[in-house]
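First chain written, first letter: the chains are A, B, C and D, and each begins at residue 1.
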Amino acid sequence: MNEHLLSIIVMAPALAALVVILLPATARLAIRVVSLTGAAISLAGSVMALVTYDRVASGHQRVETYPILPKLGISLSFAQDGWGGPLLVLTGVIIFAGVLASWTLKTRDKEYFSLLLILVAGVFGVFVSQDLLLFFLFYEVAVLPMYLLIGIWGSSHEVPADGPFKAAWTLFKVGDKGYAAMKLTLMLLVGSAAIMIAIFALYVKSGATSFDLEHLAQTKYDRSLQIWVFPLVWLGFGTLSGVFPFHTWSPDGHASAPTAVSMLHAGVLMKLGAFGVMRIGMVLMPEGTQFWVPVVGAVAALNVLYGAMCAMSQSDLKYIVAYSSVSHMGIVMLGAATLTPEGWNGAVFQMVAHGVMTGLFFALVGIVYDRSHTRSVPQMGGFATVMPGVAAFFTLACLSSLGLPGTAGFVSEFVVFLGAFSKGHYVWATAGILGAFVTAIYVLRATRAIFWGEGPNRDFHELTDARTTEWGALVILGTGLVILGMWPRVIFDHIDAGSALYLAKALASNTVAIFGGVQ
Amino acid sequence: MTPPLTYAAVAVFAPVAAALVLAVLYPLRKKGMPAAVLTIASSSAAFVSAVLLFIDRLQGAPPELATVPWIQSGSKVLADVGLRVDGASASMLVVVTLVALMVQVFSLGYMHDEEPPAFGRYFAYHALFLFSMNVLVIAPNLLQLFAGWELVGVTSYLLIGFYFKKPSAARAAVKAFWVTKFADMGLLFGLLVLYVASGSFGWDAHLEPATATLVTLLFFFAVVGKSAQFPLHVWLPDAMEGPTPVSALLHAATMVAAGVYLVVRANPLFEQSEFTRTVMLYLGAGTALFAALLALVQTDIKKVLAYSTCSQLGYMVSALGAGSMVGGFWHLTTHAFFKALLFLAAGSAIHAVHSNEIGDMGGLLKKMPLTGGAFIIGSLALAGFPGFSGFFSKDMVLEAVEHAGKVPFALLVATAFLTAFYMGRVVFVAFFGAPSARAAHAHEPPWSMRLPLVVLATLSVFGGAFTTPFAALQGEEVHFHLTGGAALASLFGFAGIGLAFFTYGRGPRHEAPGAVAFVERMSNSHAVNRFYEVLFHRVALVVSDALAWTDRYIVDGLINAVGYGALEAGRRARPLQTGLVPDYVLAAVIGVLGLAFWSASS
Amino acid sequence: MTLSSCLVLASALFSIGIYGLLTRRQAIAVLLSVELMANAANLVFASFGHFRGGPTGQTFALFAVALTVAEVAVGLALVILFYRSHGDTQVDLARELRQ
Amino acid sequence: MESIPFGLAALVTLFSALRVVRSPNLVHAALWLGLALLGTAALFAVLGASFLAGVQVLLYIGGVMTLTLVGIMITRRHDGLNVPAESIGHVRAGVVSVALFAVLAWAISATPGLDAAPLGPDATTQDIGHALVGTHVLAFEVVSMLLLAAMLGAIVIARRKDPAPHAVTHLHVPATAVREAAE
């Protein structure tokens, strides 16, 4: 069983989705139980994979290869590297908490849960795929259900038309859930198109014999090819991780999406983008990376500060959290752009930390919205008196978000800044640190406005604290944040093993081996 | 683990165990009293082990260290966490746990009227605070110190905002966090520069002079925020919105002193930069005088004490700037005792009259002799009355500063005068004279509030006796001797008390003397606060609104415009599709012809 | 009679069919034009069969005839359906998708 | 030797083809098509494809012609045999078809080796039979499947009950919605 663990992790949600599809729509409890079981199997498998990964040996473990089209060199190939374990566990935790958070869904639950599970199967697949084409296929499987999930189960709101492009606003009904779903899907598909071009360029130039990532990594591509292919990968995957200026799907998409979808999307899917940039872009194209890294880092630094500043001005709770995701994903890309072990470890750690944190955030926002039927922060106030548990967890998420030591956010931010400093990227690090400070301003402002102050006014008479399954989601994610912050080594050593493996390749073209030390 | 390390571990982990139990077993917290008992028990354990540790250190053993790698990156250890036992940490640990324990006992009575869940929450925060503070104190390197530093900031935020329903408390909590967090960026930057320069987060690195100046200036920036030095002092008076025992513990005795403790710890680094120390010398002395002036005109007893705390922290910073690590540290210690005493006594008075205004008190000494006595003892210690603990520490500070520069010395002597004056004012107005209507029915608090007053008052009086062993513990030889400067300061202190007596001590209250009116106007203008408000509302928020608008309507607008353009192009191209089959056939034929010509021509 | 004259003839037939396709508005008339074009194609098959030898040309022509017959059957069915829904067989009326 | 029957058949075919596309009466056009098909059959015969010629006569003139005439009869309000067949855009169509013919003719003339004599004897019917059930048996079977499908399809399509008004309005709904959204 151990050697097929990765297949089990990937297939469990897919099979659960199949069972859900076959169940009658009236069997609402059964649908939920099956979904939760699928998520639980994946979660348990992920934890097992994390724990049993041999860190000393590192490298690729639990390799499974099933040829699909041997002539073209396509095979279903799974393997777990150092990064795999933490990212799998993250995905497992988020989907488990996400299913719990959607327990009270009222419409079309059969379709909802099956789509959610299919999406997650795609995410798991991306994290363990060792075949570029399958990597891309899983990526698409993870991205596309989002259109339906937002378009059907999402919520709409008004965005006033203004600015030079007013005409487009009225035409598209900006703020409508259909608009949000469409924008998100179209932008990500444009990104996918760029990735596809890059994939074929890499495949053909490597001799068109195999999509195996290991094989592609050993190919030495022309410098000129790398220079034009790398930006395709960066922007293609980067769109999903919110790289400026292609981040604008995120606020609208996350604001319109239902709770669990926001959790999954911001918590896990955005990481696929950054993961792709590092795993495909930087590892396969060292020279292109060297060429473009100043731009990547500068844009990432911009992302951090810009996202935080934009978040400060929002009055819609979901927009605040969505912009904070844009800001925090900037930290990931910033770490990746440093090309140092610290930066890369910090980047991957931030993927996990931000995933847990933003999952917690969206779960809380969902609870608040469910009870108060508003997302407008100025209308709220004094909620802590009636929902103390939610207030406590919200504060915890805020503290992690602003990088408080003892929570997961600190470890990643600090390590990333350390990486940036050690390579002399003082401006990037400064922007990042300032971004963290601005984060402190807007998250605490929001906390104060929502939870503190006089008790809730008469408009809100149905406020209640979290309920059973919601507690489950909150406790899992909140505990995760604290454990990761207090003792980061539960995953940090794994991540370090993965970074060592890949960073060596990303730096392969350099005459001086930078890996191994900061000095 | 050796016994000293075990003591240290108990001091750190007992409070966190209590905090964890209270976080997980929330029925315990909801009931209130069990939480208090658990927290006080854990603090007692921490205090006892701290004392044991202190006694152990008195024997002069070398520092002991127990660390585990916290982050390993690139196959090397990036940062350790653990325990470091030496004179400084042992002394600080005793101060922190003692004051914390006293404050918690005091809170039993003071917070008694709170709802049980709030009462439980209060003590859970206290447990968390003690853990955070001990993490800071016991830190083997600056990174762990930073972690504790931030954690105490958070508990401070939570405790200031304890009455979160009160908008002013909510604002004060957030403001305190923002200001200190802003300053903490300095520490973060400093750590990064230090690591890049020296490859570790230790405080004993040898740096290039310029780097040392940069690192220490950055550290000092964080100290300015945490220890409420000008111009980042603005959060401390507002922080008085928290419960009074919290003010005593966090915002007088321990947390704000963390800045001083940081400099004490990182002294080897600070010694490498003459420039930073000069900055500290002057800024500390300036803050001391400035805050003392503001303390003159406050009518809220807690605000007087808050500004007084700023002022005394200025003393410590100035002493550190003058190169007297022991002087600053010793003043921190005695100040912790007498300022906690003052706050708790003030809390006791507030508890009795249900008002913070000194005008609402009056004649309290007769009604509450113990409280009044305690407050007077604290005031005398603060004023540096000979024989009291504050006298010894202040003397060390002044002696050091006198050697370092005439101007700061003059500022500090003037501050000594003002300190005596404003404390005299509070004592005479609140505890002597005719009782006000509110004060008529005041009575002594329960034993839980009296006991801490007695303990702290004892320490405030006799603490000076420990001067020599304390200094020895920090590795310095100090013999007390009265210098000319210190004598001068004492004289000025007497003069201050006398002036206060003549102004406020005789019968009904007099209006403030003319010189004070100017300070009053200065204080009421809130210039520094106004500056930050403008910075936040007129600059930061405006910029963020502009950016958000740009993002919404320009960046996103462009993307929408692309979509709009595609639709528009489609709409324009639609007439090409006539829907008439012959037209399509025509197009096909023309296409074939075109292809034929193209293949013929190529 | 050479292969080229046969091919020119077929081209002429085909062009006439195109002409009909372009001018006719009657669905059945359009079908008739298509028949002409199919015949032109068959003629080409037969010509090549004759001049190049072997049974392949004729066989293909036979297949093509079968296809044409099938096309006529389905086409006429469509015309009848179209007539039922529109009351006429003018192809111009079939523009709903364009609306 | 073959040129005379070839030329005659070609003339008949071309002329009747022109009448097919120009005749104002649909019934006439259909009948002219019959003649054109007959002409083609004659051409097949001249080209040595006698079997094909037979099939052409039987299938086309016997089957397709009849089918077409029935189609005309049931789909047009007609006045006896006078079924008007409107046509438009003669100039445009004329230019295009002449151009197409010119291009094709030029291509044919530019291709070398088209004036050679026949390489071998014409295929006999027996040859064709062998080819149909031998070499091309798969295509043969597929074509028979296709014919069956076409037959069934034609029946299904033509048999459907009149869904006209409803179907048309149904088509209109999203279309107008799209236009409104666009404006």
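Throughout what follows, a contact is a pair of C-beta atoms (placed from the backbone, for glycine too) under 8 Å apart; a residue touches a chain by one contact, two chains touch by 3 or more.
Remember, predicted model here, so these are calculated numbers, not experimental data.
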Subject >> Chain whose Cα centroid lies nearest the overall Cα centroid >> reply: A
Original post:
Quick check: more C-beta contact pairs in B-D or B-C?
Top reply: B-C
**OP:** Report the inter-chain centroid distance for chain B and chain D in whole angstrom, where each centroid is the mean of the CA atoms.
**Re:** 95
Subject >> Rounded Å distance between chain B and chain C, as computed from the means of their C-alpha atoms >> reply: 92
Subject >> Where chain C and chain D are represented by their mean Cα positions, the distance between them in whole Å >> reply: 3
Original post:
Between chain A and chain B, what's the gap in Å when you average each chain's C-alpha atoms?
Top reply: 36
**OP:** Send over the residues of chain C in touch with two or more other chains.
**Re:** 18, 22-25, 97
**OP:** List, in ascending order, every residue of chain A touching at least 2 other chains.
**Re:** 171
**OP:** Could you list which residues of chain B touch at least two other chains?
**Re:** 567, 582, 586, 589
**OP:** Just spell out which pairs of chains touch, all of them.
**Re:** A-B, B-C, B-D, C-D
Original post:
How about chain D: which of its residues touch chain B in the complex?
Top reply: 89, 92-93, 96-97, 99-100, 103, 107, 182
Original post:
So in the complex, which bits of chain D are touching chain C?
Top reply: 2-3, 6, 10, 13-14, 17-18, 20-21, 26, 29-30, 33, 36-37, 40, 43-44, 46-49, 51-52, 55-56, 59-60, 63-64, 67-68, 71-72, 74-76, 85-90, 92-94, 96-98, 100-101, 104-105, 108-109, 111, 114-123, 127-128, 130-132, 136, 139-140, 143, 146-147, 149-151, 153-155, 157-158, 160, 162-164, 167-168, 171-172, 175-176, 179
Original post:
Okay, in this complex, where on chain B does chain C touch?
Top reply: 574, 577-582, 585-586, 589
Subject >> Contact set on chain B toward chain A in their complex >> reply: 69-76, 78, 117, 146-148, 150-151, 154, 157-158, 161, 164-165, 167, 170-171, 173-174, 177-178, 181-182, 185, 188-189, 192-193, 195-196, 199, 540-541, 543-545, 547-549, 551-561, 563-564, 567
Subject >> Complex interface listing, chain C residues touching chain B >> reply: 18, 21-25, 30, 91-92, 94-95, 97-98
